[in-house]
Amino acid sequence: MFFASDNSGKAHPEVMQALVDANEGYAMGYGADPINGEVREKLREVFEAPDAVVHLVATGTAANSLILGSMSRPFDAIFCSDEAHIHVDECNAPEFYTGGAKLIPIPSTHAKIAPSDLERAILGEENRGVHGPKRGPVSLTQLTEAGTAYSLEELSALTACAKSYGLATHMDGARFANAVSKIGCSPADMTWRAGISALSFGGTKNGLLGVEAVIFFDPALAEEFELRRKRGGHLFSKNRYLSAQMQAYLRDDLWLKAAEQANNNAAYLADALERVGATIHGSVDGNIIFADLPRSTHQCLKDAGAVYHIMVGNLEGDDPSEPLTARFVCDWSISRELIDQFIGLFD
Amino acid sequence: MFFASDNSGKAHPEVMQALVDANEGYAMGYGADPINGEVREKLREVFEAPDAVVHLVATGTAANSLILGSMSRPFDAIFCSDEAHIHVDECNAPEFYTGGAKLIPIPSTHAKIAPSDLERAILGEENRGVHGPKRGPVSLTQLTEAGTAYSLEELSALTACAKSYGLATHMDGARFANAVSKIGCSPADMTWRAGISALSFGGTKNGLLGVEAVIFFDPALAEEFELRRKRGGHLFSKNRYLSAQMQAYLRDDLWLKAAEQANNNAAYLADALERVGATIHGSVDGNIIFADLPRSTHQCLKDAGAVYHIMVGNLEGDDPSEPLTARFVCDWSISRELIDQFIGLFD
Amino acid sequence: MFFASDNSGKAHPEVMQALVDANEGYAMGYGADPINGEVREKLREVFEAPDAVVHLVATGTAANSLILGSMSRPFDAIFCSDEAHIHVDECNAPEFYTGGAKLIPIPSTHAKIAPSDLERAILGEENRGVHGPKRGPVSLTQLTEAGTAYSLEELSALTACAKSYGLATHMDGARFANAVSKIGCSPADMTWRAGISALSFGGTKNGLLGVEAVIFFDPALAEEFELRRKRGGHLFSKNRYLSAQMQAYLRDDLWLKAAEQANNNAAYLADALERVGATIHGSVDGNIIFADLPRSTHQCLKDAGAVYHIMVGNLEGDDPSEPLTARFVCDWSISRELIDQFIGLFD
Amino acid sequence: MFFASDNSGKAHPEVMQALVDANEGYAMGYGADPINGEVREKLREVFEAPDAVVHLVATGTAANSLILGSMSRPFDAIFCSDEAHIHVDECNAPEFYTGGAKLIPIPSTHAKIAPSDLERAILGEENRGVHGPKRGPVSLTQLTEAGTAYSLEELSALTACAKSYGLATHMDGARFANAVSKIGCSPADMTWRAGISALSFGGTKNGLLGVEAVIFFDPALAEEFELRRKRGGHLFSKNRYLSAQMQAYLRDDLWLKAAEQANNNAAYLADALERVGATIHGSVDGNIIFADLPRSTHQCLKDAGAVYHIMVGNLEGDDPSEPLTARFVCDWSISRELIDQFIGLFD
């Protein structure tokens, strides 16, 4: 009964097998391994983007920060939702990698921002000459941190707003696969066709041990990436073990299948939670559920060994008479039996 | 009819004379000039703070950023009003000097923040382990950017909140003199007695050519200041010309007298503006007035040569049918005649 | 015939098996996995350092830079050999992670520096008040980049020099195991007993896929490490896969056995190279050999498929009539047969 | 008898008068004052560079660091002499303003570097793919820190070397006027005609209170300058007081006349020093003299109130039986009488 995070589950057996298979003989380091070339080509194929610049890194924070560093100048403002992982969960890594750019948090609903709010935020900058920061890139998360997905129309409206001010757009796709699975579109539709300049293509939360792909649909933005990656300590000498994971991830659409499984698990759990009376926040578009639980219920679940995070209600300063908001994340590997067992605890 | 900024007026003649007087013979550089020692001592006297660490710099952004850099770690959050100069008007200098700390803008009323909002912002950080930034210093502006002043009680409530979380407090006192003049308290009352750890003590907007004092009431925070100042390019070789300005500023309370003049000018102008029908925003506690003007009035004033900034109403995206919000700043040197002449334009 | 780098060889099968074994069920992320606790404890045991602070990262540049960032202030000088990996091979990562500290390259012989040269370099800084950088940590590489090892006496003399100026010492131990194997001392002897404050304990070049341990023998220096690691994007969500590698590495002294194998391979190759007339530079204390080759020999070897780096002789500006200096690195996995086959090419 | 530094002397009376004159009425801030426009135009005229981008700052470290920040990327190497002020006397400001670029100190003779050594240093970088830093700008000081001047031929040879590798060149001209006066060429000859991309044009050491001009002969490099200046806290609100100083400096070649006076004073002093038996280092091309003094002589001079710096001989670790190396700097204002009085002390 483990719903703490999709990074708590095991790597997919096919991925592990690929690692074992890659562990033969010699391979040049730092990305010159042959699998790396194949994988980068395969990613361009999957994204129907023959000119895209593709690189691998090992963590999501590295992917996001290195992309933002490539896209921003130190005196820029970066526009993102007030719930964005880059703003609240990366310990100022974007500020570090950009040399001190400023993140402008935009009010959001279930972590999604509206084009009008984005425009207001953009208009709020660069109207004081050299005194305030310049307008920099817009960063959107898909699937969002609240488990919601932007529709393609919503995405396009946001990127159109960015583009009308000449701004590049980054997509934090730590759970990109879950969003594609939900929307049922092509990877290209959800990225460059929707106006996205660069993507952090997540793998770690969806069955890999630790690999994310960085994909620049606008190659001009990628110019400094390799130097920035090395300077950040994110270039792996034994890169073949990153390549092998990503290769397995892309083979036969494993990435999509794993995400579908995770999404289905979450839908199944959300239904069950609603049946037992929990209030679900927003929509469950992927593998994350936010739900209000009575404190007593939480105590029972916890005592029975269920693991998940409380997001609101038990922090310093929270009102102890209010219900708790719990977050449940389903990864691809969780079984229906475990979910049933968990729901059984509510009785 | 010049109300654009208090940095548009001339330096006080006594300050200029002090510069001329200081221009004799040789003086050791980099702060080893004899006036510097006297001035630093005098500042400790004026602030009744014998242990304070005092340094001079030439710009307000340098003072603020160097203090914040001394107080913050790169993975910290800095709490300030959403109108704070450090947030909106310093082109990411605080991010630069702190190595990438994150400014957390707090909703404000006429640029003043409430203790409950400060506490909410503080509670919003450092509740995600190493994932989010750590709680860093609180920065307050007195006189605020909107021309309002915190009362001593308000200040104490804010610093008490900061202190209860172990956080240091910075006061951006670019217009500190105007606030002291308004409140009628001692400099000590408005700073360390009210719980402030370090102050940017403004001079430039109040009759100097370009000098601000940095005052650490908590000497422990000052340890790295001199190295940070040098590294920022803010240590002046011919420091005597900074010392001389500050010396004149403190002699016979020139700093207070100039501020009183500026405040009186603003009060006089505000009264007049109200009489001719302009709507004043908030209270006029110092030398800054925000007032709504019909667009046609603005055009007349402008045509007649009046100079001031429009803060809301003529930016990209603003509604052209709404009134304009103008900012009028009175410096010490503006004459009643000029104000009368300006008000005469309204007829 | 692959002598390009010890990062070109495969991971040790026991390490790979440990990864497979770790891939079961759920584990809390970000270092809260149970193996991580065990591994950190085991490292303290291996180093006889019960108070040491231990963390895992995935790359050597991350280990070095994060340690140096924890030890240095942005206005510090960092003393290292002019051949140091941190100076010549990390694309300014130390400058990045320290916020702009300055590396002071010290002349070296086969990448080893002498205490007198270290002292001269230290004396050369911090003698200009706030104008020059302050003296910061000393960084030593063991095994050095030239394949030489400092004796324990040499190490102690260098750290004594550092200590006499109050400076902390970092050891870049990317090939620490090779040096321990060569010297035949305990890990404690070569680190804290020899005066080292913090160690980058390499695994990647010696049989792991990509894990290095960061070990602070002086816990006071470790205070900010976890925040700096997160901010650098080097905290792994699925940390168990790092822990598992390090666990296997430490089990039954695998780390030492693999290093011994690599060193023996290098000794065997060096002997053979000398027999066929190549000139060896310095001493071969570990698994790296620098040797001069006639250009014609190099061409033959290359044509036969041998892989290794030319370090001097084929760079822009090099003299084409001089012999080439080649670097041969033996990893644990290379077989005697391959070495014999390679040497056979010389005939 | 004050030879400590050319920043110890007073500002030129004409400069002070210009400040007084500028202190009338209102002037828009942040560089929008009318004098600023005139001064920038005048600088383009003086340098025969109609397309140059010109800005004013208040300190030499700001000028140098902001130019280098505009010219470099954080993963670059900056080439300079091992005596360069930017390397030894700016407390890592260049590293700060470049976001962590690495300064490569080049061996020098009396602070001058040879083209062959520059080329060797350039070739030493960017030969390790993404692993080492990239080649960045070359910075030359004219007049050098040792008081020597590069001839125009020497300068051209150095910039030709830089250019052949596609590198931009910066000239630290804190004592540019002294060098122009010595060489007797035009400002254009010593800068863009000699291949210099950007100049820190010093004023502070030559009669101003504290102003340096930043001149980009290659306008493409200046793109970010104004934002970087603001972000560094170096944009002055009351910029008119900077403009006025520079205006007076350029009027009727005051800058050249003051430098000539300083140079003549130094030549006179150097002659006298030689007559009394002091050994002069290198050539005295401007207003700086390095001379060896017996320790007993130094004590006498000091006791008599002479002020100058000892550069070698009294530092931690120096040999107390060796002579001291003293530095004497003559500014424009020192009188022949004082020099004679000083020399009289040698008897």
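Note that the chains are named A, B, C and D in the order they appear, and that numbering of residues resets to 1 at the start of each chain.
In this section, a contact is a pair of C-beta atoms (placed from the backbone, for glycine too) under 8 Å apart; a residue touches a chain by one contact, two chains touch by 3 or more.
All figures in this text were calculated on a predicted structure; none of them were measured in a lab.
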Handout entry: B-C or A-B - the one linked by more C-beta pairs in contact
Key = A-B
Exercise for the section: Sort the other chains by how far their Cα centres are from that of chain B and give me the top one. Expected result: C
Practice task
Can you check how far apart chain A and chain C are, centre to centre, with Cα atoms defining each centre and the answer in Å?
Solution key: 34
Problem - Approximate Å spacing (C-alpha centroids) for the pair chain B, chain C - result: 50
Exercise for the section: Calculate how many whole Å lie between the centre of chain A and the centre of chain B, each centre taken as the average of the chain's C-alpha atoms. Expected result: 41
Practice task
Please list all residues of chain C that touch 2 or more other chains.
Solution key: 74-75, 90-92, 96, 99-100, 130-131, 227, 230-231, 235
Practice task
Spell out the residues on chain B that touch chain D in their complex, using ranges where they run on.
Solution key: 2, 4-5, 7-11, 13, 16, 19-20, 23-29, 57-62, 65-66, 90-93, 96-97, 204-205, 209-210, 227, 230-238, 241, 307
Problem - Partner chain D, residues of chain C touching it in the complex - result: 74-76, 88-92, 95-96, 98-103, 119-120, 123, 127-128, 130-133, 315-317
Problem - chain A partner contacts - residues on chain D that touch it in the complex - result: 30, 73-75, 99-100, 129-131, 134, 224, 226-231, 235
